[in-house]
Amino acid sequence: MSTVFPQWEVFVRARRGLDHQHAGSVHAPDGETALRAARDLFTRRQEGVSLWVVPSNEIVASDPADVGALFEPAADKAYRFPTSYELPPEVDHM
Amino acid sequence: MNQAHFDALIEADERIEPDDWMPDDYRNALVRQIAQHAHSEIIGMQPEGEWITRAPSLRRKAILTAKVQDEAGHGLYLYGAAESLGTPRSELLDRLHTKTQKYSSIFNYPTPEWADIGAIGWLVDGAAIMNQVPLCRCSYGPYGRAMVRICKEESFHQRQGYQIMLSLSQGTPEQQAMAQRALDRWWWPSIMMFGPPDSDSPNTGRSMAWGIKRFTNDELRQNFVDATVPQAELLGLTPPDNALVWNAERGHYDFGEPDWDEFARMVRGEGEIPDVRIGVRRAAHDEGDWVRKAAAAYAGKRDARSAA
Amino acid sequence: MTADLLTHVLRQGDRALVLSHRLAQWITHAPTLEEDVALANISLDLLGQARHLFTYAGEIEGKGHDEDHFAYWRDAAEFRNPLLVEQPNGDFAVTIARQVFHDQAALLYWESMTESTDATLAALAARARNETAFHLQHSAGWLIRLGDGTDESQRRAQAGVDAMWPFTLELLGADDEGALRADGLIGGSIETAWRAAVAGTLLEAGLRTPTEAHQRAGGIHGTHSEHLEPLLEEMQQLARAHPGASW
């Protein structure tokens, strides 16, 4: 019976001031080991200044089947965008 | 409905993501291809890894260590992409260890001389990059993203290999001869890395239609020859192919027919090296079993302690 | 005999090179693929330190020798590494025990060297200290997991600790470097701090600190165990077959 370590999703902050971004995953027995593995795997070329690891099975994801219900209602709300307001040229930089 | 949605995404050159519905054949073809790619990275560490302890300068030792380390990393990126299709890494490794899944047969050639390390970087990694760059646009999102990362990291692999060949070809007569021997050994195997001729590649059409593959084997092979011949000339080395000649009309090099029987033998895993490669891999896995058990047991104890 | 700065720098460079080489031997044999990457990383850091130290040794010596001269063209008796780092890898527990003992000593050493009156060594120490701090996190983290893991891993971890313990005293400083210390070129003794830190790690791992067994030393004076020569023979073979070649 072989031992299988849990999978962790890795998020890397590339520079101060930027969000953490998903980079990939590692397998590790615990969070500390996962962090070290993530450091070795995803920041060998100075790609990061901060790391998060999250157990993959703790991620709650939206269902692709719900894509219509979740995301399409946002499609016809042009009034949320500045471009849908026509203003006189004198103040159009607003 | 599902199929239509999938087809529409492929048609629009959109990406398929892990949770999307996909045809079983698409999923299976991807798992097979990505796993084989991952296995190749992991097994490919061995022929080069053998030279880390013998590298002839500290700089070369550092470069080679970093390269072999990258290969482990690339294997891990790829196993991650394959896992997103629902097959755990442990199962993929079992398939490698039991020889039910293959790795690239290029790693079943021996590396008897230091110049082989140069030739592998220049030719094998060169061919691999040519194969891999189009995969960055693979229709399956996680595979494409892993390939973007890999291609970015791998660009130094080919350059360091060519630089080794350059040093050798500008070196002592013995070094020059060593470089030519390595080219002689690796030229044809590299040409064959693009797979069988299109006329004999039954899956190419389907893989192209699905956006898993973007160019045919023969197209990539021609690109490789066209790019590599001038590089060999610059080294003052001669590829072992009498039929190699510039065809001005086509705007490409004509080249000879590889020994496809040898290719078939290598793909079947004939010879002693495949057993050595899998043996090393399995031994590492088996001998590491108690370590992995210890780490899992410790994590369990710690969870229990923090819950108490 | 009083050791000069060149000897001191070679002791450190040889230590880093030989241990780097040992760790590189793990690549493709590690217990997990993640660990292949981790051990390669530590090996590379140590190799980088060795290269800086050898380059500096060449400057001090003033005979035009480069880093490769010190790695490839000296025989075992000219190497000045402590015996610990040339010991074979054994199982993963032996490697980890060797690494914990080494990393703890190296961390304390580099921390003290950031204050060195030698600007080159002080600058190198600032970087090496960070690298070594991570190495120690890695090795101590593993020793704790092995010690507090399964019965088998605890048995192996204790065996590894016991096997490597006799080589530790030599890590804690040379008896002939008093003049360098007086000049502020190197720092004070790390022995007390090392013993306390290692005892803490062993305690957390649930492992026994070995009793003061017979200690083996001599590497830093050029008297090595039987394990260094084959290591160097493999490392130097190709370079020595082509004198004067560049690669």
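For reference, chains read A, B and C in written order, and residue numbers begin at 1 within each chain.
Here, a residue touches a chain if its C-beta (ideal position, glycine included) is under 8 Å from a C-beta of that chain, and two chains touch if they have at least 3 such contacts.
From a predicted model like this one, the values you see are computed outputs, not experimental measurements.
Enquirer: Looking at mean CA positions, which chain is nearest the middle of everything shown?
Expert: B
Enquirer: From the C-alpha centres, identify the chain that is farthest from chain A.
Expert: Chain centre farthest from chain A's centre: C.
Enquirer: Between chain A and chain B, what is the separation of their C-alpha centroids in Å?
Expert: Computed from C-alpha means, the inter-chain centre distance equals 29 Å.
Enquirer: Between chain B and chain C, tell me the centre distance in angstrom, where each centre is the average of that chain's C-alpha atoms.
Expert: Result: the chain centres lie 35 Å from each other.
Enquirer: Indicate the whole-number Å distance between the mean C-alpha point of chain A and the mean C-alpha point of chain C.
Expert: Computed from C-alpha means, the inter-chain centre distance equals 40 Å.
Enquirer: Tell me, which residues of chain A touch at least two other chains?
Expert: 5, 26-27, 29, 33, 41, 44
Enquirer: For chain C, write out the residues touching at least two other chains, lowest number first.
Expert: 32, 34, 37, 41, 145
Enquirer: Spell out, as numbers or ranges, the residues of chain B touching 2 or more other chains.
Expert: In chain B, the residues touching two or more other chains are 69, 73, 76, 289, 292-293, 295-296, 298.
Enquirer: Within the complex, which stretch of chain B touches chain C?
Expert: Against chain C, the touching part of chain B is residues 42, 45-46, 49, 52-62, 65-66, 68-69, 72-73, 75-76, 79, 114, 164, 167-168, 171-172, 174-175, 280-281, 283-284, 287-298, 301.
Enquirer: Please name which positions on chain B make contact with chain A in the complex.
Expert: Residues of chain B touching chain A: 17, 19-21, 69-70, 73, 76-77, 80, 83, 88-90, 94, 146, 149, 153, 285, 289, 292-293, 295-296, 298-299, 302.
Enquirer: Under the definition above, what is the set of chain C residues touching chain B in their complex?
Expert: Chain C reaches chain B through residues 17, 21, 24-25, 27-37, 40-41, 43-44, 47-48, 50-51, 54, 67-68, 71-72, 91-92, 144-146, 148-150, 152-153, 156, 234-235, 237-239, 242, 244-247.
Enquirer: Where on chain A is chain C touching in the complex?
Expert: Touch list, chain A to chain C: 5, 26-29, 32-33, 36-37, 39-41, 44.
Enquirer: Any idea which chain A residues touch chain B in the complex?
Expert: 2-5, 7, 24-27, 29-30, 33, 41, 44-45, 61, 63-64
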